[in-house]
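Structures given as C-alpha cells follow.
Shared between the two complexes below is chain A, which has chain B as its partner in the first and chain C in the second.
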Partner chain A sequence: MALQQVNKLPFEGLIAAARSHKLGNWHSKLSERASERYTETGWPGPKTESWKYTSLNKLTSGAFALAEEYSAIVPEDMIMPLICPRIVLVNGVLNKELSNLKQLTGSLSITSLVDLEDHQKIPFDDLFKKEESKEYLPLTYLNTAILSDAVVLEITKGSKCETPLHIISIGSGNGIMFAPRLIINAGNGSKVDIIESHVGCSGSEYFSNAVTQLYLGDKSEVGHYKLQNDSTGSFHIGLTRAVINNGASYDNFTMSVGGKLSRNEVRAHLKGSGVECCINGAYLGAADQHIDNTTFIEHQAEGSSSREVFKGVLDDTARGVFQGKILVHPEAQKTDGYQMNRAMLLSDKAEIDSKPELEIYADDVRCSHGATVGELEDDLIFYLCARGIDRESARRMLIGAYISDAIDEVKNIDIRSSIQSVAENWLKQNLYGK
Partner chain B sequence: MSLLSIKNLHATVGGNEILKGINLEIGPGEIHAVMGPNGSGKSTLSYVLAGREGYEVTRGTIAFKGKDLIDLAADERANEGVFLAFQYPVEVPGVVGMTFLREAYNAKLRYLGEPEIDAMEFLKFVRSRAKTLNMSDDMLKRAVNVGFSGGEKKRNEILQMAVLEPDLAILDETDSGLDIDALKLVSDGVNELRSENRSMLIITHYQRLLNYIQPDHVHVLAHGKIQRSGGKELALELEAKGYAEFSGEAA
Partner chain C sequence: MSISEETVDQVKQLEADKYKYGFVTDIEMETAPKGLNEDIIRFISNKKEEPEWMLEWRLKAYKHWLTMEEPNWAKVGYEKIDYQDLYYYAAPKSMDRPKSLDEVDPELLKTYEKLGIPLKEQELLSGVVAVDAVFDSVSVATTYKAKLTEMGVIFCSISEAVREYPELVKKYLGSVVPHSDNYFSALNCAVFTDGSFVYVPKGLRCPMELSTYFRINAENTGQFERTMIIADEGSYVSYLEGCTAPQRDENQLHAAVVELVALANAEIKYSTVQNWYPGDETGAGGIYNFVTKRGACRGDNSKISWTQVETGSAVTWKYPSCILQGDNSIGEFYSVAITNNAQQADTGTKMIHLGKNTKSTIISKGISAGRADNTYRGLVKIMPKAEGARNFTQCDSLLIGNNCGAHTVPYIETRNPTARVEHEATTSKISEDQMFYCQQRGLSPEEAVSLIVNGFCKEVMKELPMEFAVEAQKLIGISLEGSVG
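For the complex of A and B:
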C-alpha cells in the first residue's frame, strides 16, 4: 500500500471528486477512459524530453480543489480589447448570462456539454485514437477526466463570419483547478476569427488546464488568437490542437503575459495538402514568471507551408522556453517550413531556453530555422536620447518595436492592434522607472 | 557671448584620458571645423558634447547658451538645442521614421513646455524638409535607417537636423562613406540650414567636405588638444602637408 502512495499521480484525488459531477453515461465513460490514460501516460518529470525546461514542481506542491463557483465579473482591463460577441466561461463552465449567445448569427452555433449531439462527441474520442497515442498529452487527459463543461463551436460550411468571436475564460477563486475545453469545428470553405482571452479575477490564484481542439475543413480560413493574461500567482497549462485539411489556412497567434507559470502548447497536424499554417507568438515576462511556448507542426501531405515567428522580452528573473518541432512525413514533398525564435533579455538573471527541432523524411522540402538572444543595445538607446527622447521612453519604444515585429504577423488588422495595445500596457506597467 | 564655450576640457573613456584640455569658443552662426588625425579625440569630443554615457568629463567646463551642459542627460542636451549627426547612424528596427521624428519633435516641445504638434501639420512640415534632401515618403515610412545605403543614412541625419532645428549641430565625419553625388546632396542640405542663429561644429578627417561647407574657423586636434587654429586656409594647408607636423608627441 505504501508503494501505491508513492506512485500516486498529482490531481488523482480531484479526478475522483469530479466523478460526482458527471452528466450521464457518456460523460462518465469519457472521464473514466481519460483517467485510465492519464495513469498510463504518467506525470511529466525532469526526464520527460518535452518538459525538460519546465518543471511543474511549483504546481504539484500546491493544494487545489475543484472549482464550484461559476459566476464572476469579467475583468475588462485584462481581456483583449475588442468589441464583438462574447462567449464567457467562468472556471471552465459556460456562463450564459455573461455571453452574447443571441448575437450569434445562424452560421455559427454554440453547444455546451449537456446538449452535445453524437457527432459533436467525436473530437473527444479523437484523443484516444491509436494514431494519436504517440502524442504525450497527460495534462489533456487530466483536463478530460475532470472537465465539468465544454463548448463546441460549429461554423456552417461555406459561411464567412464577418465579426470575430471572443471566448473569455475567467479564473475566479483561490486554490482551485478547472479545465476549460473548447472544440471549434470550421466547415469546408468557412471563414472565422476566434479570440481566446484567458484571464483571472484580481487576487485569484488558480490552475487553469485548458484544451482547445480545432478542425479546419477543406479550404476553410481560421484565425485563432490567444491571450494568456491569467492573474499573478496562477498556473496556465494550455493545449491548442488543430487538424487542418486540404487548402485550409490557419493563422494562430499567442500572446503570453500573465500567470506565475504558463505553458502554451500548439500542435498543428497538417493533414491536407496546400495548407497554409502560421503558428506565431509573443511573450513578455517579468518578476519570476516562467513562460513556455511549445509547438509541434506535422506536415502529413504534399505542398503545405508553415511559418513560425516567436519573439519574447524577459526582465528580472523571468524565464522563457521555446520548443519548436517540425515533422515532415515522407509523403509531404514540397513542404515549405520556416521557424524563428528571438528573445531579448533585459536583465542578467533572465533566461531563455530555445530548442528548435526538425525531423524531415521527405527529400524535396525547404525548411529553415533560427534563434537569437540579445540585449537592448546602448548604441540604440543613445541614438534616441541624442534626439531628445528620454531614456525610459527610448527603452519602451525600442522594446515595443521589437515585440511588434512578431505581432505584425497577425493577419486580422483589428485583432493585431488590440494585441499591440496589450503589449503596450505591459510595457507601461513593467518598464517604468527602470 | 559664445553659444558654446569649452574651457580646459578633460575627458576619459574606459579610464583612458582622451581629451586633455580643450578650449573652444563658438559664437552664434559660426561654423567651426575640427580636423585631426585618427585617434586624436575628434569623435570623443562629439560624444562628450552630446552626453554619451561612458564618456566622463574629469576637468573643465562646457557652457551652452550660458548653461552648464555637463550635468544634463543626453536627451536634455538635445532638447536644449544640441544635435549630433552620427558618423555611423544606427538602424532602429521596428521604429518608423515618421514616428521617430514626431516623438523627438514632441519631446522637445514638452521640454519647452509647449503643446504637442498636430500630426497632419507635422507631416506637411517633414515632407517639405525631406523634399530638399530628395527623400521620398517611402523612406519616412520605413524603419529608421533599416536597409538604408550609407548616403541615405547620412541624408536621414540631416533631415532630423532640419526638423529639430538645433542651435548647435555637431557633424561627426558626415562625409565618411559618401560618394561625390551623395556628398553634394548632404552638403546642400547642411548649407540650407546655415543661419545666423545656428552654429555648427564639423568634425572631419579630410578637407573635402569643407569645399562644400565652408567654415569660418578651422582647428587642428591632436593628442587630445587643439594644436592650431586658423581660417579656412588652414584646411587647405593640412590637405597639402598632411598631419605629419602633429603626429609627434604632444607639446
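For the complex of A and C:
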C-alpha cells in the first residue's frame, strides 16, 4: 500500500540537533539510519490507515526543543503506588540519584548507554538494528534518531526476580521533546515483573515519544505493566514491542489516564509455539483528552494463545480510539485468539471509535473478537438506589466495577491492586459532583 | 433432507459441465468503439435518446471521475484495469424496442431458457414474478408491466424512466449515491447503460416480487447497471436480483450502482444472488465486481433490508449500506460470501445512524476455501443526534483448507452515549467431528461440507425469498466443489 507522504516532516530540525548530543559519535550513525527510515515512511496523515482516528495536528503545530535538564522531583502521587526498586528517567535520561535498586533480587544487569564510551556501545548496535523493520513506525524511527539515552535490562537465564522493578519516566519542562528508550532482554527461563510509570511534573507540557523493546527467551515469564499518567497538556506516543519465544508467557497491561493526546501501541510477535500472551488495558478519559490504544498480535507459530481485554470510560468531550488486530500466519495452526473491547460513554460529546480486526490464514484456529459500546444502564443504578445507595455513589460504584473487569486480568496481585487504586483515584477526581 | 439431495444432484451435474452457465450467445452487437471519452458518453446518451440534463449529469460525473484515483484499500489484488481497452456500449443489434416477446430475437430467448428463465412461460403461467430481463446493456423485455402499471407501480428500465418519468428520475437520481461518491460509482454515472427503475406509490404493498436477471454477454463489455427503487410512504416492495455469466478468458469489469429510497413507513427488501463467472482454478478470467449499493431510510419508521448471497466473481468489492435518517428507521444486512479457488471478496456494509431510535442488524457469514481471500469490512457509525440507536453485528468466518484467508475489519464509531452497539466475530473451521458424524451416516465429504456450510449460513438463507432460497442453497454446494478431499 502506498503511504501518504506529507510534504514536510516535523521534527527534522531536532534530529540534526540530537545527533551526537548525549550519546557521542556512536549515535550519529544510528541516528542517520533512523532518520532515513523516518523520511521514507513519512509522517502519519489522515489517510494513513493505522492512524485513521488519531490526528497529530495538535502535536505538529506546537514547537518543541530537545530537553537539556535531567533532574526533577518524583511526583509520587502520579506514579503507580508501589514500594519496590526503581529506575528513574528524567526527560529520557537515567537519573542515578533518584533511582533506588537496593532491594533488587535476582540476577539482573542494568546498563545506561549514556555512561558508556563509544566503543562500549557497539555491542548494543544489534538491539537497535532489530527495530529497523519494514513496518510503518515513523515515531519509533524518530525515537531512535533523537535518543539521549537508552536503558538496557538483561535478566540472566533462569533467574527469577521476585520483586518487581519500577521504571519511572518523568517529563519535566515546557515545550520539550524527549525519547525514553527501554530494552528488556529476558533470558531463557527467567521471570520478571516490570512496571512503567510515565508521569510529568505539574505544569509541564511536553512530548514524550517512548519506545520499549522486549525479548522473551524460551519459557520466560514477563509481566509488563504501564501507567500512562502524563501531565495535562502533554503528548505521549508510546510503542511497546515484544518478541516472544517458545513457551514464554507475556502479561501486558496498559492503564491510560493522563496527557492531552496519548497513543499506546503494543505489538506482540509470537515467534515461538506454546506462547501465552495477554495484552490488556483500561483507559479513563475526561475533558478534551484523546486516548488511543492500538494493538497488534502476530501469531507466527503453532499452538499459541492470545487474550486481549480493553475497557474504557469517556466523559466530557474525550475521545477514545481502540484498534486491535490479530494476524494468524498459515503456520500458526491451533491458535487461540480472543479479543474484547468495551467502552462506556458518560457524556453526549464523548466519542469512541473502535476497529477490531482479524486477519487469518490458518484454518485450524479459534479466533473471536467482540466490541460493545453503551451507557450506564438505568436498571443497574436503580438496583443500587433501591438498596439505599445514593445515585452518585451507585454510579461511581458501577463505573468502577466496569473498569475492574479489565484490571482483574492482571496476574500479579500487588500490581493489580495498585492499578485499581489509580482507577479509583481517577473516579474520585472526575466523577464527584457530576 | 431434500436440500442435501438437491445439492448432491447439482454437484453431479457439475461434473459433467464445469460451469453450467458458461456459454456464449452469438448475436450481432452494435458496439461503440473501445475506450472512454466525452464522445463515447455522448454516443451512449444519444443511443438512449436521453434529454440534455441527463447528458450533462453524465459529463459532470465523467469529469469528476478523471480527477479520482482507483481505490486500493480493499484486500483484493487484480491486474490493473485499462479503462481505455473496454467497450462501454453494446446492444443486441436485431432489437428495435420490441412491443412483445414475439419480437424478441429467438437466439436471445434461447439464452434465457438455458438460464432457466423461460420468459414466455412466465408471462403465461406463474404470475408471481415479473422479470425485467437485462441482456448486456439494454432491457429486452419487461413482463407484467401492464399488470403493475394498473396498480400504479412503475417497473421499467431506467432509460425508459428517464424518458417517461423525468421528474421522478431527476428528483432521486444521485440523491443516495452522488456522482462524486467513489471511483466506480462515478464511472457508472458517466457510462451507465441500463438497469431497473421501480416506483411504488403511497400505501401500496407490491403484490409480487420484482426481479431482474442480469447477464453479461458480450466480450470486453463492462456492465454498468444502474438500479433505482423508490418506495413512497407506507409502501412495501421486495426486489430480487440474480446474476449468471458465460465463461470467458478475459476479465470483465462490472461497476453497478443501486440506489434505494424508502420514505416514511415504507419498506424495501432487496435480495441478491450473485453467481458470475469466478474464473478458473488458477484465477484466470472471472468477473471484477465493483458495486456501490446504498439505501436511504428517508422517512420515519422506514426499513431497508439487504440480503445477499455472493458466490461468483473473481473479485468482489461491494458494501450495501443504509443511511438511517428517519426516526425509528431500520437497516438490515444479511450476507453470505463464499470464495473458492483464487476468488477474492471484500464485502460488508455501512450503517449510518442519524435519526433517533434507529436500529441496524448485520449478520455476515464468510466462507473461504482453496486459495481464496474473504474479507468482511463494515462500518457502524452513530451520529450525535441518534438517541437510543441500536446495532447488533455478527460476523462469522469459516475456513476450509489451510491456504485460504478470512479477515474481519469492522469500524465502529460512536458519538452518542445512549447508543448500544454490539459486535461479535468468530473464525472457525469445519471440525473433524462434524465431518465424521456426517460421513458415518453415509454422506460423502462433499455432501457433508455442503450440509454443514448450509447450516452455518442458515440465519442468512432464511431471509431470502422462496424463489431464491432453493437456488442459493444449490449454489453453496456448487461453489465449494473441490474444496475437500
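Going forward, the second predicted complex is superposed on the first by the 397 of 434 C-alpha atoms of A that agree within 3 Å, B and C clash if a C-alpha of one lies under 4 Å from a C-alpha of the other, contacts with A are read in each partner's own complex, and residues count from 1 in each chain.
Definition applied: a contact is a pair of C-beta atoms (placed from the backbone, for glycine too) under 8 Å apart; a residue touches a chain by one contact, two chains touch by 3 or more.
Keep in mind the model is a prediction, meaning the values are calculated, not measured.
Peer 1: Clash or fit: chain B and chain C on chain A?
Peer 2: These partners fit in the superposed model.
Peer 1: Name the contact category of A:380: first (chain B only), second (chain C only), both, or neither.
Peer 2: Once the two structures are laid over each other on A, A:380 reaches chain B alone.
Peer 1: Just checking: does A:369 make contact with chain B only, chain C only, both, or neither of them? Give me first, second, both or neither.
Peer 2: Once the two structures are laid over each other on A, A:369 reaches chain C alone.
Peer 1: Taking the superposition as given, does A:353 touch the first partner, chain B, the second, chain C, both, or neither?
Peer 2: Second partner only.
Peer 1: Per the contact definition in the header, classify A:427: touching chain B only (first), chain C only (second), both, or neither.
Peer 2: neither
Peer 1: So which one touches more of the residues on chain A, chain B or chain C?
Peer 2: It is C that touches the greater number of chain A residues.
Peer 1: Just chain B (first), just chain C (second), both, or neither: which does A:98 touch?
Peer 2: neither
Peer 1: Which partner chains sit in contact with A:23 here, chain B, chain C, both or neither? Use first/second/both/neither.
Peer 2: neither
Peer 1: Answer with first, second, both or neither: which of chain B and chain C does A:74 touch in the superposed model?
Peer 2: Once the two structures are laid over each other on A, A:74 reaches no partner at all.
Peer 1: Looking at the overlay, what does A:393 touch: chain B (first), chain C (second), both, or neither?
Peer 2: The answer is first: A:393 touches chain B but not chain C.
Peer 1: Report for A:404: first if it touches chain B alone, second if chain C alone, otherwise both or neither.
Peer 2: Touch partner of A:404: chain B, not chain C.
Peer 1: Using only CA atoms and the superposition described at the top, report the least gap between chain B and chain C in Å.
Peer 2: 16
Peer 1: Taking the two structures together, which residues of chain A meet both chain B and chain C?
Peer 2: none
Peer 1: Over in the complex, which chain C residues touch chain A? Could you list them?
Peer 2: Those in contact with chain A are residues 72-73, 382, 384, 397, 399-429.
Peer 1: Quick check: in the complex, which residue numbers of chain A touch chain C?
Peer 2: Chain A reaches chain C through residues 1-2, 49, 330, 333, 343, 345-375.
Peer 1: Okay, in this complex, where on chain A does chain B touch?
Peer 2: Touching chain B from chain A are residues 378-380, 382-391, 393-394, 397-398, 400-402, 404-405.
Peer 1: Touching residues of chain B toward chain A in the complex: what are they?
Peer 2: Touch list, chain B to chain A: 50-54, 73-75, 78-79, 83-84, 86, 89-90, 92-95, 100, 103-104, 107-108, 111, 143, 160, 164.
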